[in-house]
Amino acid sequence: MPKITRDQVKVPADVLADVRETYVDNYMKATRGTGRLMLFACDQKVEHLNKDFYGEGIDIADAEPEHLFKIGDQGVCGVLAGQRGLIAQYAADYPNINYLVKMNSKTNLVKTAQEDPYSPQLYDLDAVLAMRENGVNIVGLGYTIYLGSEYESTMLAEAGELIAAAHANGLLVVLWIYPRGKAVTAEKDPDLIAGAAGVALCLGADFVKVNPPKPEGDDKRTPAEALKIASMAAGRTGLVCAGGSTVDAETFLTQLHDQIHVGGADGNATGRNIHQRSLDEAVRLTKAISAITLADYTVADALKVFNGEADFAWED
Amino acid sequence: MPKITRDQVKVPADVLADVRETYVDNYMKATRGTGRLMLFACDQKVEHLNKDFYGEGIDIADAEPEHLFKIGDQGVCGVLAGQRGLIAQYAADYPNINYLVKMNSKTNLVKTAQEDPYSPQLYDLDAVLAMRENGVNIVGLGYTIYLGSEYESTMLAEAGELIAAAHANGLLVVLWIYPRGKAVTAEKDPDLIAGAAGVALCLGADFVKVNPPKPEGDDKRTPAEALKIASMAAGRTGLVCAGGSTVDAETFLTQLHDQIHVGGADGNATGRNIHQRSLDEAVRLTKAISAITLADYTVADALKVFNGEADFAWED
Amino acid sequence: MPKITRDQVKVPADVLADVRETYVDNYMKATRGTGRLMLFACDQKVEHLNKDFYGEGIDIADAEPEHLFKIGDQGVCGVLAGQRGLIAQYAADYPNINYLVKMNSKTNLVKTAQEDPYSPQLYDLDAVLAMRENGVNIVGLGYTIYLGSEYESTMLAEAGELIAAAHANGLLVVLWIYPRGKAVTAEKDPDLIAGAAGVALCLGADFVKVNPPKPEGDDKRTPAEALKIASMAAGRTGLVCAGGSTVDAETFLTQLHDQIHVGGADGNATGRNIHQRSLDEAVRLTKAISAITLADYTVADALKVFNGEADFAWED
Amino acid sequence: MPKITRDQVKVPADVLADVRETYVDNYMKATRGTGRLMLFACDQKVEHLNKDFYGEGIDIADAEPEHLFKIGDQGVCGVLAGQRGLIAQYAADYPNINYLVKMNSKTNLVKTAQEDPYSPQLYDLDAVLAMRENGVNIVGLGYTIYLGSEYESTMLAEAGELIAAAHANGLLVVLWIYPRGKAVTAEKDPDLIAGAAGVALCLGADFVKVNPPKPEGDDKRTPAEALKIASMAAGRTGLVCAGGSTVDAETFLTQLHDQIHVGGADGNATGRNIHQRSLDEAVRLTKAISAITLADYTVADALKVFNGEADFAWED
Amino acid sequence: MPKITRDQVKVPADVLADVRETYVDNYMKATRGTGRLMLFACDQKVEHLNKDFYGEGIDIADAEPEHLFKIGDQGVCGVLAGQRGLIAQYAADYPNINYLVKMNSKTNLVKTAQEDPYSPQLYDLDAVLAMRENGVNIVGLGYTIYLGSEYESTMLAEAGELIAAAHANGLLVVLWIYPRGKAVTAEKDPDLIAGAAGVALCLGADFVKVNPPKPEGDDKRTPAEALKIASMAAGRTGLVCAGGSTVDAETFLTQLHDQIHVGGADGNATGRNIHQRSLDEAVRLTKAISAITLADYTVADALKVFNGEADFAWED
C-alpha cells in the first residue's frame, strides 16, 4: 500500500475549518501516513480484569502494566488504545506513542444472562482535551457499542454525541461494535457484522472495530469473503477486525492478510496476541503486523520479521 | 399543483423573527417551491441494519452507501434524510443535495416482545448547526416517535424540545410517528394513524410521516379515504406516507397518487423502493415520484418517466 | 361576581418585583378581570388521540384542528389551553386569544394496568418565553400531575420547578391533578380530590383543575358539597372542575352553577363539551359558560344565551 | 437553658466567609437565640393529603390552609416549615414568621409494599434564594430521607448536594430522616434511629428530625434513654423528635421534656398536635412547647401556659 | 523506607501544569513524605450506621463523633477520610489534620439479595473545593466502587469523571474497590482483587483500597503472596488494604507488615481497629501502624509503640 498524501484524506464535514489541519495530522499519525490503522488494544484490564494479564500461558512481564507502554514505545504501532487514567499514569515517560483514549469500559463480572451489557462513558471529552493540552500525544478516541443490548440506545447516543465533539476538536474516533445481549443469538453472523459496520458509518466514525464474521450452515463463504460485505457497508468508515485470543503467529498473520486483501479491511486491532508475550517477542509481532498493514508485506515476509530474521522500521 | 410563493408559507410562531427568512428558504428548498415534500429516506442502515441493502432482490450497488448520495444527486428529491454521521462523511462531495438530519435511530435487534421500542437522540442540535455553519446544506431535522411504547414519554419530550429548538434556528422538522409497543395491537388502525397525525401537530412539526392506514373489518373505506381523516387531523402539519417495502413501480405510483389526491397527503417519504434498485432505475423512480408529488402528473405520465420514455426535471 | 381591581390580585411572593405588573396583567386577562377562570381545554389531541375529534356524535367541523381556534376567537373564554406546537401553528392568525401552554401530555395507549401514568414535559420554559417574545399572547402554563402514580415524584418535581420559573417570568400556572395509578382505587373520592387541591397549593399553583368529587356509600353529600372541602383545601389556589364528556347543555350549566355557588369553585375547564359541537353552537356554549362564571348568571339566563335567545359579550 | 451569644454558634466550615454573618443570623432566628429548635411542621398537606386537616377530631379551622400561618404568626415558634409554593402564597401577609422551605415531599398513596418510598426534590435552591431576595424571611431548608429505601441513594445525594449549597448561601438545613422500605422491619429501632442521626451529621445537617426510638424486647431502656445514644451519634448536628399524631397536651409536653433533659434532644418538630386544634388552643400549645424548649420550663409550668393560666412570650 | 523527594513523585499527566505543585504538596502531606499512605477511615457512620460506634466491645468514647477527630489530631496518620459534612462540622477545631473527603456512601440496610449495591456521590467537587478555599486542609478525595454490581457502570463513570476533575485541581484520589453483587460469588478471590487493582489504575487513581485477597482450595499462596500480584496489577497506583473488623494489635500489625513487605502494599487503610478503642489506645495504635508504614519498623518494635514502651513521632 503506497503512502497517501495529506490531500487524499477524506475529511468529514463535521471537522470544523479551524481544526482541519489537526484532524489531518492525527489521521496521518494514527495511520502512519497510509490510511490503514494498526491499533494496539490495551483497554482490557477493565474489560477482562486481570485474567488476560496473569496466568498460565502468559508471560510474567504482562503482570506489570508498564509492559504495554514498553511495547508501544519499542514496537511499530499506529495507536495505543487505553483508558484515560492508564495513559495519564505513564504518558510522561512514553511521550512518542500515539494515544487513543478509550472512553468507556465495563468488567466481565455481570453476564448477559443476568443483565444485558452496558459500557459506561468514564469521563467527558473535556478531561481528554485537557490532557492533550497538557502535552499528551492524543490522536483519537475509542468507544464500545453493544448492538442489540437493551442498553443499545444509551451507547448509540453517547457515541453519536462523542463523534461530533471529537471531530469538532480534530480527533479521530474508532468505534468497537459488538452485537451482544439476550436478543442476539449469533454474535458473529455476517449480516450482523455488516450491520454493525453500517451503524458506525451512520454515526460518523473514522474506523470501526468488529469481530471477524463467521459464516455458518449454508453460507459457504470464507470469513474474509463475508467480511468484504461488511467493509462495503462501512463505506468511508475504515473497518478493522479484533484480534481475539492468542494464537500462533502464522495463523494470526495469515488471517490479517486475508482480512485486508480479500475482506477489504483497513487494518487491525490487536491486544492479547501482542501483550501476552515477552517484551521482545511482542515488539517483533507489532512489527510483523505493521509490515502487512502498512507496507503490504506477504505473510512469509512478515513472518521473517516476527522471527527476527528481518527488521521492520517505518517512517511516517 | 402550482408552485407557491414565499408569502404563502405559513411560518409557525416559534420561528423567531431573525431566522424567518432562513425558515422560508428551507421550506422552499425542501418542498422544491411547492409546499409538498418528496423525502428520500436513507436512515435505514441503522434501523434495518444491512438487510435492506444487500441480499436477494437488491441491486449490488446498494451495498455501497455512496449509492444513496449518487441517487440524491442525480435524481429529483426534496430532501435526503440520513443520520448526521452518514451525511458528514459524504456531504463535501455532494454539496447540492438538501439534507435532513435524522436525529434518532435504533436497530431492529431487540423486538417489542422483549422490550418496547425507544429510539434515542444520537447527538444534540448544536452538532448539526455546526455542520450547517461548516457549509453543509442542511434544511431540516427528522425524529421518530413510537406512540404507545412504554418509552413514548421520552420520545415525545425529545421531539417537543427539538422542534422548538429547530424552529428557533430556522430548520424544518419532520416527525416519523409509528404506533408500536405491547399496548398497540393494530399499528395501522385508521383512528390511530389519525391520532399520530394530531400528535405531530400538537408538537409543532412541519411534516409528519405515517404508515398508510389499513381499514379492516366493518370499515369499508379505501386506505386513501381513511387517510383523509388523518390529513385533516394533522391540520397545518403536512402529512406524508412511508413507502414501505419494495413493490412494482405502477402499484407504488398509483398508491402515491391516491394518497395525495384522495387522502390529502402532502407528499411522500420513500426509501427501499428507491435505493434497492440500480442507480439508473432509482434515479428514474425519484423523478416519477417527484412528477406526481411536485407537478401533479397522472400515474400514466409518471410511469413514462420511470420507464425512461420521458424525462422529468424540476427548477425550484 | 363583581369585577376585581388590579390591587385585589394576591400576587404570590415568588413573582419577582420586575414582573409583578406582567403577572397582574396575565391574571386579569386570564380571569377576564374577575378572579374566575374560564379555561377552554384544547390539549386532548394528544391525550385522547383523534377519538374526541372525529366519530359518531361529533360535529365534522371538529376533525379540523383550526375549529378550536375559531371557537376561541369568536366565543368568550378566559384562556385557550393547548400544546406549544399547536399554538405555534395557528397563533399568528388568532392573535387575540389568551393562550395557556400545556407543558406536558401523554397518549391513552398504555393503560394503567400495564404501567402507571407519566405525562412528560414536552419542552422547556425558554421555548415558551421565546414565543411570547415573538408576539404570541401567552398568559400562563398548564401541567398535569397523576397523584398516586409510581411516577408521581417526577411530575411533582417538574411541576414544582415549573411554577417557580413561571412566576419568576410573570406567567400563571394551572395544574391539572388527577389521582391515578395502580395504588388509586377511587379516583374521585372526595378526600382524595381535596388532597389534590392541597397539593396544588403547596406547589404554589394559581389554579388547579380537578375532577368533580363523587361521594359514595355513607357519604350523602352532593358532589358540590363535597367540592366545598376541596375548595377550602386549595386555599389561595383557585379551584376549577374538569368538564368531562359531552352532556346536554342544561345539565352541564347546572353542574357548573353548583360548583361555583355551592362548591366554592373559581371557574371551569371545559373541552369536549365545547369543541365537539358545530362552530355556532360551540361559540354559544362558551358564552353561556362565561355568563355563569364571569357574570354570575342564573342557569336559566345562561341557557337563553346558549339557545341564542340572548347574547353575552364581555369587556375585561 | 440560657441564651447563647453569636460567638457560641459553631459555624460549619462549608459556610463561606461572606455569608458567615447571614448564617449566624439565621441560626439565632431559628433557635430564637438559644441553640434549640422549635419547628412547626406544616408540610403535611402533601405528605398526608387532606386527612390530617379535615375530619373527625380535627377543628374545622384546620380545613383552611391559612390556619397554619395564623398559628405561626400569633404563637411562639422557631420556624414554620412548609413547601415553597405554600409559603409563596401567604408569606406577604405574614412577614414576621421564620420560614424553613421543605424541599421535597411525596404523597402517601403508593405504599411501601408496592414501591419503596422516594420523596423528590420539588424545586432547586435558586428558586428559594429568589424568594428570599424578594423579601421572604427564609432561614433554612428541610429535606426528607427514607433510609433503607431502594431510592436511598438518590435522597442521600440530593440532601448532600443541598446542604453544601445551603451553607454556601448562609441557610440552615434540617433533615427529616426516617428508616423506611422493604428492607426495614423496625422503623423505630434505637440502633437505627442512632444510625439516622449519624447520617445527618455526615451529610453536614444543622438539625435532624427523627422519630423517637422505641426500645423493645430485652431492651429495657426508656425511649428517652435510648434517644440519648442517638443524640450522641448526631454529634454537632442538633437532634429533634417528630411529634407524631395528636395526643393530650400533658402527655405531649412530658415526652418533650424527657427528650430534651434525658434524651439530649435539641428541640422538637411538631405538626398535627398543633394545627389540628382551634387557633386559640394551637397558639397556646406553641407557647407551652416553646416554654420547655427555649426557656427550660417544667412540665407543670408549661401546662399552665397551655391552659391559659400563664402567658409565655419570648424576645430573641 | 527512606523518605522521598518532591522530584520523585510521579505526577500523572492529567495534573495540569498550574496545579502541579499543589498536587505534589498534597501527595507529600498524605504520604508524610514517604510515598506510603496511612489512611484513617472515618466514613463508616453512614456505611455501618451506629453499630460500629456503640455496643459491646466498643469503647464508649466512640459513641461521640468527635472521638475520630481527637484521634486524628493526637495520633500519627496520613489522612483522615470522612464525608464532607462530617469534616465541615469539626474541621475548624482540628485544622492540622490532612482531610480526604469521601465522595460517596451508602447504608447497609438494603442487602445484595434485594438489590445490588450502589453508593451515590453525595456532593459535587465544587462543594469540596469551596471548603478547601475556605481554609480546610483537604488533600484528596475518596470514592467506593462495587465491581460486579449491576450499578457498576454508574460508579465507574462517577469515579472516572471525579479523578480527572480532582487531578485538574491538584487533589489526590483514593478508590475503595470491592467486588460485590449477585454476580460475585467470592469477594476476596485473588484474581478478582488483582482485577480491582487494575481497574483503579485504568481510572487513574493515586491509591486503591482493596480487601486482602483470600486464596482458597488449590491455591496454597499466603494472602500476602497473592496480594503481590494485585500490587503488580495496580502499576503506578499505590495499593493499600482495608483493616477489617477489630482484632488484637499483634495480629493486626503482623498482617500489615506482610502486606507491605511481601505483598507490595503501599500502606494501609484502617478504621474500626483504631476508633473502637479508647482515645489513648487508639492514638498509640495509629503510631504503631505509622511506624511500620512510614518508617519500616519491625512488628516487635511497632508493638512497643502500641504498648506505650516507646513513642513514635514523625516529621514530614
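Here the chain labels run A, B, C, D and E in written order, and each chain numbers its own residues starting at 1.
Note that a contact is a pair of C-beta atoms (placed from the backbone, for glycine too) under 8 Å apart; a residue touches a chain by one contact, two chains touch by 3 or more.
Source: prediction; values computed, not measured.
Enquirer: Any chance you could name the chains that touch chain C and chain E both?
Expert: D
Enquirer: What is the minimum number of touch steps required to go from chain B to chain C?
Expert: 1
Enquirer: Roughly how far is chain A from chain B, going centre to centre by Cα mean, in whole Å?
Expert: 36
Enquirer: Which integer distance in Å separates the CA centroid of chain B from that of chain D?
Expert: That pair's centroid distance is 58 Å.
Enquirer: By residue number and range, which residues of chain D touch two or more other chains?
Expert: none
Enquirer: If every chain is a node and each touching pair gets an edge, what shape is that graph: line, ring, star, complete or other?
Expert: The chain contacts form a single closed ring, each chain touching exactly two others.
Enquirer: Would you mind writing out the residues of chain A in touch with chain E in their complex?
Expert: Against chain E, the touching part of chain A is residues 43, 45-46, 49-51, 53-55, 63-66, 82-92, 105-107, 109-111, 114-115, 118-124, 127, 130-131, 133-136.
Enquirer: In the complex, go through chain D and note every residue touching chain E.
Expert: 10-17, 147-150, 152-154, 156-157, 159-161, 163-165, 167-168, 179, 181-184, 191-192, 194-199, 201-205, 229-230, 232-233, 235-237
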